[in-house]
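Across the two complexes that follow, subunit A remains constant while its partner is subunit B and subsequently subunit C.
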Partner chain A sequence: MIENTLDNYAYTNSIKDANVSFKVLFAILTVIVCLVSTSPVIPLTITFLMLFLIIFLAKIPFKFYLKFLSIPFIFGFMTFIFMTVFFGISEPWFNIGIFNLAVYKDGLNLGFLVLARIMGCFSCLGFLVLTTPINEIFFLLERFRIPKIIIEIAMMMYRYIFVFLDESGKMYNSQQTRLGYSSLKNTYRSVALLASNLFIKTWSKGEQLYITMESRCYNGSIKTFEVQKSIDIENLFLLLSFEFLLLLGVYLTRGFKVI
Partner chain B sequence: MHIMEGFLPWQWCLFWYLVSLPVVVYGVIQIKKITDKNPESKPLIAVSGAFMFVLSSLKLPSVTGSCSHPTGNGLGAVLFGPAVTSVLAVVTLVFQALLLAHGGITTLGANTFSMGIVGPVVAWIIYKACKNAGLSLSIGIFFAAFLGDLSTYVTTATQLSLAFPIPTFTEALIKFMIIFAFTQLPLAIAEGLLTVVIFDYIKKLRPDVLEKLEIFTAPKAIGGK
Partner chain C sequence: MGEEMNVVEAIDVTYHYPDGTKALEKVNFRVDEGKIVALLGPNGAGKSTLFLHFNGILRPSSGEIKINGNSVEYSKKGLMKVRQTVGIVFQNPDDQLFAPTVVEDVAFGPMNIGLSKDEVERRVRESLEKVGMLGFEKKPPHHLSGGEKKRVAIAGILAMKPKIMVLDEPTSGLDPKGASQILKILYELNEEGMTIIISTHDVDMVPLYANQIYIISQGAIIKEGTPQKVFEDIETIRGANLRLPRIAHLMEILQKEDKLPFEKPYPLTIGQARKRVLKHFEDLQ
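Right after this comes the complex of A and B.
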C-alpha cells in the first residue's frame, strides 16, 4: 500500500535527522513562492529542484517517486486539456475538428500555468512527506499553538489509520474470495457491510483504547518526549536568500507565456 | 471533490482559510467541552476520525465507470454532529494530503469549507428536518448524505469558478457544474444508498453504540451520567 511505503520512507530516508523546522519552513516557503508565481517557469524549476533533492539527497528510489508524481500529473494534465479547450476568450488558435472544439491560446497558457503550479506545489509537499516523519510535524505544530487536544486526536488517529487500513484490507480479501465483488449489486452490499463492520470494530477498539489508557494513568492528556531544535542563523540566512532568489525569478519571468 | 494542491491562486487560498477558521475554532471548542465533561470520548473521537479516513480510501464503482470513494460527510454529520465533523474533516484532510496526495496544504482551507463545513451542515439540517417531519430514518439519512454530497460539489464548483472566472463567473460555473453533474451526481446517489445500508447494519448489530453517540450530538444529556 502506498500510504505504508510513504510512511516507511519518511522514517528511513537519508535526511530524516535534518532539522524538522528547517524542512517544514523550506517546504512551506517554497510552496508560497510557487503559488505567487504568474509564469510556469519558477514552478517548473521548483519541480526539478525538488526531484533532484528527493532522489539524490534524500535517496528515495527514482521509480517510487515517479509513481508518486504521476498522481498529480494525471490530474494536472486533465485540467490542462480542459482549460485549453474551454477557457479561452480570444480568437481560437486552431480547430481540433471533432465536436466543434477549438484550442485557445490564453486557455493553453492558463492551463499550463496551473499544471506547472500543481507540479511545483506537489513536489514541495512530497519533499516534506517523504523526508519528515509525521510525528515530528505534530511536535512542531504544538509550538505553533495549535490546541493540544487536536494534536492528541490527530496522533491517535494516525496510529489507528494503519490498524484499520490493515483490517479493512483483510475484510476486503475475505469478501472477494467469497465472490463479494462479482456484480455491481454485490459490490455495494459488500462495501456497505465492510464499512459498517469497520465502524463497529473501530468503536470497540476506541472503547478498549480508553480502558488501556486509563489503566496506565491517563488523565486526559498524553505526555510526549520532544527534542526541540531551532534553526541556526547561518542556515536561516541561506534559506531566506534562496527563497529571495526564487522570488526574483518570479518577478523577472512574470510576463512569460508558453505561446 | 478535493481541490488539488497548487490549483487555486494564493488570494483564494488565503480567503478560504479565513472563512473556514472560525467554524473550525468553534468545533475545537465544542470538542474540548465534550472531552472535558467525559474524557472517555476523546479516544472515541479519534478512532471515528480514523474511520472516516479509511472510509474515504474504500473504492466505490459509480455508474459512469469512474471509480471514486465515499466522502463520509453524511455519515459523519449524522453520527457526530456538524461541529465535531468539521474538526475531524480538517485532520482527515491533512492526512489525506500527506499520506494519499489527495488535496493539499495550500487548498486545505477551501477543501475544509466545501467538505468539512458546507456538506456536513447541509446533511445535518436535512437529517433533522426529515426527523422532525416524521419521515423514516432511512429516508432522512439517504437525503442527508445525498444532498450533503451535492452541496459539497456545488460549493467546489463555485470555488473553482470564483478562482477562474473565465470568461465570466456564471459561464465558468456552468462549465464546472456540467462536468460535475456527469461524474458526481451518480456518486452522490450511490453514497446516499450506501450510507443507508451502513446505518441499517449498525442499528441492527450494535444499537447501543447509536444510543451512546448522543454524547456527541447533545452534550447536555450526559449531565446525569
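Right after this comes the complex of A and C.
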C-alpha cells in the first residue's frame, strides 16, 4: 500500500532527525522559487537536486521514488500535450495532420514550463513527505499559530486512518471468504455493507476514544510536550544563500525558451 | 495501621445503560490496599461496565463508589482527582493509543495533570523502561504489534503514577510469553505498593497472582474470597459459564473417575499440585 510505505519511509529515512523547521522552510522556499521561475531551467534543476537529496542523503530506494514521481509526471505530461495543441495564439509551428490539429510554439513553451514546475514542486513536497515524520509537522504547525483544534483533529485523523484501513481490510477479507464479491450484484451489496459498517464503527470508536482520553484527565486540549529546536544562524544563512542562488538562476534564465 | 483500608469500594451499585440494559445489579466490591484482585466473569457479565465506575466515567444509577474511603464527587475537580488516583488500562489498546507517536501518547496523561516538561519527560522514560519499551519512543502506534501496543497502553497509565491500576483483560490476545511478561510487570508494580485490579476469564492464570477473587455473572457478584475458597464451589463456577483451572480439573477427574485420594480443596496451580502428588507417593511408601 503506497500510503503505508510513504509513512514508513518518513519514520525510517536517514535524515528523519534533521531539524524540521529547516526541512519545511527549505521545501517551501524552493517551491516558491519554482513558481516564480519563468523558464523551465530552474524547476528542472530543482527536480534533479531533490532527486539527488532524496536518494543519496535520505537513502530512499530509487525505484520507490521513481514510482512516486511517476504520478505527477503522468499528469504533467498530459497537461503538456494538451497545452501544446490547444494553447497557442500565434501561428502554428507545424500541422499534425489528424483532426486539423497543430502544434504551437508558444503552447509548447508554456506546456513545458508547466510540466517542469509540476515536477519541481512535487519533488519539494516529496522531499518533505518522505523525510519528515508527520508528528513533527504537527508541532511546527502549532508554532505557526494554526488553531489548536485543527491540529488536534488532524492528529487523530492521521492515527485513525491506519486503524480504519486495518478494519476495512479485515472486513473486506471476511466478506471475501464468504463469497461477498463473487458477482456484480454481491459486490454492490458488500461494498454498501462495508461502507455503512465502517461508518458505524467510526462512530463507536470515537466514543471509545473519548472515554479513554477522559480517563487520562483530558480537558479539551491536547498539550504537546516536545520542544522544537530553532534553526541556528549558520544553517539559516546557508539555506538563504542557496535559495538566493536559485533566484539568481531564475533571473539569468528568464528569457530561455525550449524552441 | 491495624485495619486494612479499602481503597476501592462499590456499595450496592446498580447501573442501567441508556438503552435500558441492566448491566450491574447491586454490586458490592471491595479492594484492600496493596492487593491484587481479580474480577472473573464470562463475556457480557459486566466487567468493563463496573470498571468504568471506578474512575467516574459512568455514574451508578443507584449505589455509591468510594475511593480511599471518600465518595466520588462528580464535579470537574473531583473527577480529576479520582482519575489521578485510579488509572484504567482499556481492553483494546487501539482505543487508547491516539497520538502519532509512542512518546506523545505516554506523555498525554502527565501533561494533562499539568506537570513540568522535565517531570513529564522523566516519567515517560521511567514508564517505558518499566514495560520494556524503551527505544520505541518515535514509533507510530500502527507500527507496533498487539503485545507492544498493550505495553505502551500500560506505560501511558503508569506515567500518571496512579495509586490504583485497573486493567481490563490485560492478557487477552497475547501469546503465552507476552501474557506472562505483562503479569510480571504487574507483579513488580504490586511489590512497589500499587493496588491492582484485573478483569479476566483466564482461570488458569488467576490463582497465580490474585490475593482475592470476585466472580461476576449477569451483572451480579455471585462469589468472593481467596482463590482456594472461590474454586471450592464448583457448581457456582460452572453455573457462571466458567471452569476450574486445568490442574484442579485433572485432580477432580483423578478423584472421581480413578478413585485416587485427592480430596477437595483441589490444588489450583502446578506448584500446589506437585506438592500434593509428592505427598501422596510418600504416604504410599
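Going forward, the second predicted complex is superposed on the first by the 235 of 259 C-alpha atoms of A that agree within 3 Å, B and C clash if a C-alpha of one lies under 4 Å from a C-alpha of the other, contacts with A are read in each partner's own complex, and residues count from 1 in each chain.
Definition applied: a residue touches a chain if its C-beta (ideal position, glycine included) is under 8 Å from a C-beta of that chain, and two chains touch if they have at least 3 such contacts.
What you see is a predicted model; the values in this text were computed from it and never measured.
Annotation: superposed three-chain arrangement on subunit A; subunit B versus subunit C shows no clash, the two fitting side by side. Once the two complexes are overlaid on the shared chain, A:C217 sits against subunit C while remaining clear of subunit B.
Touch criterion met: A:I134 reaches subunit B and subunit C at once. Of the two partner chains placed by the overlay, neither subunit B nor subunit C lies in contact with A:F62. By the touch criterion defined above, A:T187 reaches subunit B but does not reach subunit C. In the superposed model, A:Y11 lies in contact with subunit C only, and not with subunit B.
By the document's definition of touching, neither partner reaches A:F237: not subunit B, not subunit C.
Legend: residue contacts after superposition of the two complexes on their common chain; A:Y158 is shown touching both subunit B and subunit C. Put simply, if you stand at the Cα centre of subunit A and look at the Cα centres of subunit B and subunit C, the angle between them is 80 degrees to the nearest 10.
When the two complexes are overlaid, the chain among subunit B and subunit C that reaches more residues of subunit A is B. Legend: residue contacts after superposition of the two complexes on their common chain; A:F52 is shown touching neither subunit B nor subunit C.
Aligning both complexes on chain A leaves subunit B and subunit C separated at their closest CA atoms by 10 Å. The contact surfaces that subunit B and subunit C form on subunit A in the two complexes overlap at residues 7, 134, 156, 158, 160, 163, 205, 209, 213-214, 218-219. Against subunit B, in their complex, subunit A makes its touches with residues 2-3, 6-7, 28, 31-32, 34-36, 43, 68, 71-72, 75-76, 79, 82-83, 86-89, 107, 110, 114, 117-122, 125-126, 128-129, 134, 147, 149-150, 152-154, 156-158, 160-161, 163-165, 168, 184, 187-189, 191-200, 202-203, 205-207, 209-210, 213-214, 218-220. Contacts from subunit A toward subunit C in the complex involve residues 7-8, 11, 133-135, 138, 155-156, 158-160, 162-163, 166, 205, 208-209, 211-219, 222-227. Looking at the complex, you find that subunit C touches subunit A at residues 52, 55, 57, 76, 80, 83-84, 87-88, 90, 92, 94-101, 103-104, 107-109, 111-113, 117, 120-121, 138-143, 156-157, 160.
Listed in rising order, the residues of subunit B touching subunit A in the complex are 4-7, 9-10, 13, 28, 31-32, 35-36, 39-40, 42-51, 53-55, 57-58, 60-61, 70, 87, 91-92, 94-95, 97-101, 104-106, 164, 166-167, 172, 175, 179, 190, 193-194, 197-202, 205-206, 209.
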